[in-house]
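Here chain A shows up in two complexes: once beside chain B, once beside chain C.
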Partner chain A sequence: MNRRRAGRILTAVLIAALAVPLMYGMVQLPAPGHADAPAHTNVSAGYIERGAELGGSENLVTGVLLNFRALDTFGEVLVIFTAWLAVAAVAGTASNAERDPVPPSPVVDYVIRLLGPFIAIFALFVIVNGHVLPGGGFQGGVLLGAMLILLSLVMDAETVARAVSARSWIWLRATGVLVFAMVAVMGLPLAGYLFGLPDEPGLRQVLTVALELGIGIGGGAVLAGLFFAIAGADRS
Partner chain B sequence: MKIAATALSHVDYLVAVALFLTGAWILLTSGNLVKKVIGLNIMETSVFAFIVTTGMIDGGAPPLVAPGDPGPFASPLPHALVLTGIVVAVSVTSLALVLILRVRAEFGSVELDEIALSLAAGDTAEQSERHGSADD
Partner chain C sequence: MIEWSHWLPILAMLPLVGGALTPLLFRHRPAAACFWAVSVASVTSVVAIALLLRLVDSGGFSYAVGGWLPQYGIELRMDEVGAFAVPASLLVLLSLVFSRHYVARAVDASRVSFYYALVLINLGGLNGFLVTGDLFNLFVFMEIFSVSAYALVATAREPIASLAALKYLLLGAASSLLVLFSVGVVFAMTGTLNLEDAAAALALSSPMPAGLALAGLATGFAVKAALFPVHFWLPDAHAAAPAPVSAVLSALVVKAGIVGVLRTLELFGGAESLLQPLLHLVVWLGALGALGGALMALVQRDIKLMLAYSTVANIGYIFIGLGLATASAVSGAMVHAVNHAVIKSALFLAAGAMIHRTGLRNIDDLRGLGRRMPVTAFGMAFTLIALSGAPPMAGFTGKWQIALGALQAGHPSLVAVLVIAGIVVLAFGIRVINALYFRPPARVAVASATEAPASMWLPVLMLTIASLALGLAGTPMLEFVGPAAQSIYGTLP
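This part shows the complex of A and B:
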């Protein structure tokens, strides 16, 4: 007990010691929201000026993710796929099937089943319009994953996880990585370098949407897979 | 007076710092592993909030640059950075949670002091029992 108290006091001192330089540093920064802050006048000004034209998407965030910094985004897709692999590997050895499923009220059940298709369509809309509207592959993928998680709350995770065979789940989860790798290699003949998108606007648009779809479907399947693995439903 | 004005104009950043410290406090003092993960998540969120705030402009539009739109636009770069950060945060959180499940299967608890107790006692009876009942 006494040791715990000493630990808390020590932590409070540490946090206070951390707070002072952090706060002091923060107030030295230019105030947020000012257009003449260095954050807005240097690199990002160039992106806003020519990014839409060079990157091929009006949504500059998508342009940065899929074109200018495509290698980073590929790494990101790999990270989340690897995370699922690791989670599935650990979950396979930890069994926690002891909890009783709590039946939800009929109202909740009905509303979630009713909402499911609409959420799926909205997710598709967000994914496919990611280059012109706010949204994109990751955002749509999160919506898809959330829909699967919601459904598995009312239907029971096992049923939702078995809607698709274990083999297909693996391919679905790898979609993001595979599509991205494919488009990256296609950049060699089309643009002259890896991860390049062609200059021809129509083709570039098609490849951008393909990337978004791959990331969205893969991301959604991975998110649902993380949930299933933690819920103990998917042993594959 | 000047300090108050500075604090007011930087209030977004200061809130991010406060969130960061709150998360650090939870991470360091809580003995519950799940609460530690929540503390880590609060710290991550505060960093995301800070980075996104640096890209914001008063009265600025989201960086959807249609031809002929004069702006001003929020900076797209912090958003792209934070998107990457969020993906990594989700990965870290899920991996931590599943490892905590594994710890619970092994020790029957997610409280650090209880785990330390059963480690000290070398108590393996409960573990083998759990393993036996859980394999179906």
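This part shows the complex of A and C:
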């Protein structure tokens, strides 16, 4: 008991000792939002000035994500897919889910079933309008995943997981990676560089929306897959 | 004809996409998944070698991803540090060949395709990490190879594997967070993520927030590299993982931490007042790691734990070299990173072949195996001697250069550390060799064992030959990394 207490005190002292230099350093940083801070004057200023025109999307964040720094985004999409691979490679394969003996109340059940289609439509809206409005593939994908998880709560995870065959689930989860890789390779003939988007506005828009859709569908399927794996409903 | 530099992003994209496709195409066909993974790794190796030849031929080159100017987009670049992609791709290739029979027993059949996918993704993350010239991109690729490495440790069936993986995951995630935080600090100070740009801006900036970023980056990468005293996740993770994964982790993934430290030094090259105390600290932590790792290796009974502790010792040597900051010590450390990768993967694969054939991993239980598994045992004996740093094998070059650097920098006591650690390494090497060759079998499994299949002994034999060849090629290797060492540190004495 005493040792545990001593350990806690030691931890607190260590955290404090670390926090002091961290805070001291942070205070010295240029104030956030200050117009002269390098974070706002250097690269960001360039993005704001010409980013929409050059990047091809009115939402500057999307322009940075899918065009200027597309390789980073490809990496992040791959990390999400790898996270699912990791869970699938480690989680128990046997269906070991303990079924919840108490069904959710009829009100919850009804409300979730009622909301489902609306969440799906909203997710789709967020995904395909990512280049003009706040949102995009990642955000829409989370909405899709959340909808699937909500449905699993009232309908039983295995029923939701079986809506699509195990083989198709894997392909859905890899959608983001595959679509991104395809668009990246198409950049070579269309823009002269891997990960480049063409200058022609119509084609660029199509590819941007394709990327958003891929990221959204892949992200949603991975989120649902993580939930299924933990709930023991994953048959892959 | 595609222009040369386009192959640079392909170096990372190929294994990443190939890895993602593995479970889609070969989920129920483990043998086909292995063949696919070996093919993808072979092509990646060819690309890496072609890029290396180009680098040797006409110097470093860079690639503007998406065609954007370096500052606005992401710059990939091939330099002498990025050339580590060649040993990385080749070692992963050999580990994949070795995996064919090993994994069939060590990993559940339903997960074999995930295993190969994760190994390929790990290689893609490493390659991207090595050739990127952008700070945030560095973090993204680090996450790719880290997340896949955590999972690969946990694919082993041994019950301790999940615990070891969890320990690795927690420390790895904390260190990733430190790196991300520091990248944020650098961006807030400079407004750019390009390594070269940021380095130029940091040279002029005030020391305090810069010191914070330096400390965060150095600590974060030191955890990934398993520098003493943040090494304690390594022995369990490397010993519990399936043997080919241990080879990849010990040979390559910890070296990526070293590359991260090199990139950090590059970033802060202009801020000498900040770097000096850090380099000083690194030398002594490296010395403690070298001695402590070697001694801990000596007292292990499990052969893979012994090898894992020896990795801690070798990381110590490399950090001594980096911290001494003399031309010979730094290039010695960089060469040792490659040579240790070759030697240690040979050792882990040989140990894996022995465990595969006998089911035993205790050094005392393995005695008498030298006659039963002649090629594997020869590979292990030979590379153990190479590991101790005996000339003319690969372990010698780096250690000799680091010792020279220690004398130049006026630290003769470090030479003593290197010599003592070398003797300890030789001692446990002789202990294993003695058990393998000069003692009668004590276990039925050993007495009835036969040589491992060719997919196992061939990689071991090739790595054994490489550990001699790289030792003989010491001078050209030092000459190759020399300019990089100079440019990372500015000027070196």
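Criterion: the second predicted complex is superposed on the first by the 227 of 236 C-alpha atoms of A that agree within 3 Å, B and C clash if a C-alpha of one lies under 4 Å from a C-alpha of the other, contacts with A are read in each partner's own complex, and residues count from 1 in each chain.
The rule is short, and it goes like this: a residue touches a chain if its C-beta (ideal position, glycine included) is under 8 Å from a C-beta of that chain, and two chains touch if they have at least 3 such contacts.
Here the structure is a predicted model, which means the values were calculated and not measured.
J.: With chain A superposed, do chain B and chain C clash or fit?
T.: They fit side by side.
J.: If you stack the two complexes on chain A, which partner ends up touching A:188: first (chain B), second (chain C), both, or neither?
T.: second
J.: For A:34, is the partner it touches chain B (first), chain C (second), both, or none of the two (neither)?
T.: It touches chain B, and chain C stays clear.
J.: State whether A:26 touches chain B only (first), chain C only (second), both chains, or neither.
T.: In the superposed model, A:26 contacts both chain B and chain C.
J.: Could you say whether A:162 touches chain B, chain C, both of them, or neither, answering first, second, both or neither?
T.: Touch partners of A:162: none, neither chain B nor chain C.
J.: Using the superposition on chain A described above, determine whether A:85 touches chain B (first), chain C (second), both, or neither.
T.: Touch partner of A:85: chain C, not chain B.
J.: Write the angle, vertex at the C-alpha centre of chain A, between the C-alpha centres of chain B and chain C, to the nearest 10 degrees.
T.: Here the answer is 70 degrees.
J.: Please indicate which partner A:226 is in contact with in the superposed arrangement: first for chain B, second for chain C, both, or neither.
T.: A:226 sits against chain B, while chain C stays out of touch.
J.: After the two structures are laid over each other on chain A, how near do the C-alpha atoms of chain B and chain C get, in Å?
T.: 6
J.: Once the complexes are superposed, what residues of chain A are shared between the chain B interface and the chain C interface?
T.: Touching chain B and chain C on chain A: residues 22, 26, 29, 37, 39-40, 43-44, 47, 69, 72, 76, 79, 82-83, 86, 90, 93.
J.: Across the complex, what residues on chain B touch chain A?
T.: 6-7, 9-10, 12-14, 16-17, 20-21, 24-25, 28-29, 53-58, 60, 62-67, 71-73, 75-80, 83-84, 86-88, 90-92, 94-95, 97-99, 101-102, 104-105, 133-136
J.: Quick one: in the complex, what on chain A touches chain C?
T.: The contact residues of chain A facing chain C are 21-22, 24-26, 28-30, 37-44, 46-47, 67-72, 75-76, 78-79, 81-83, 85-86, 88-90, 93, 167, 170-171, 174, 177-178, 181, 184, 187-188, 191-197, 236.
J.: Which positions of chain C touch chain A when the two form their complex?
T.: For this pair, the touching residues of chain C are 2, 6, 9-10, 13, 16-17, 20-21, 23-24, 27, 63-68, 71-74, 76, 108, 110-111, 114-115, 117-118, 121, 124, 128, 136-137, 140-141, 143-144, 147-148, 150-151, 154-155, 162, 165, 185, 187-193, 201, 206, 208-209, 211-212, 215.
J.: Taking the touch rule as given, give the residues of chain A at its contact with chain B in the complex, in rising order.
T.: Interface residues on chain A, with respect to chain B: 7-8, 11-12, 14-15, 18-19, 22-23, 26-27, 29, 31-35, 37, 39-40, 43-44, 47-48, 51-52, 58-61, 63-65, 69, 72-73, 76, 79-80, 82-84, 86-87, 90-91, 93-98, 132-134, 138, 223, 226, 229-230.
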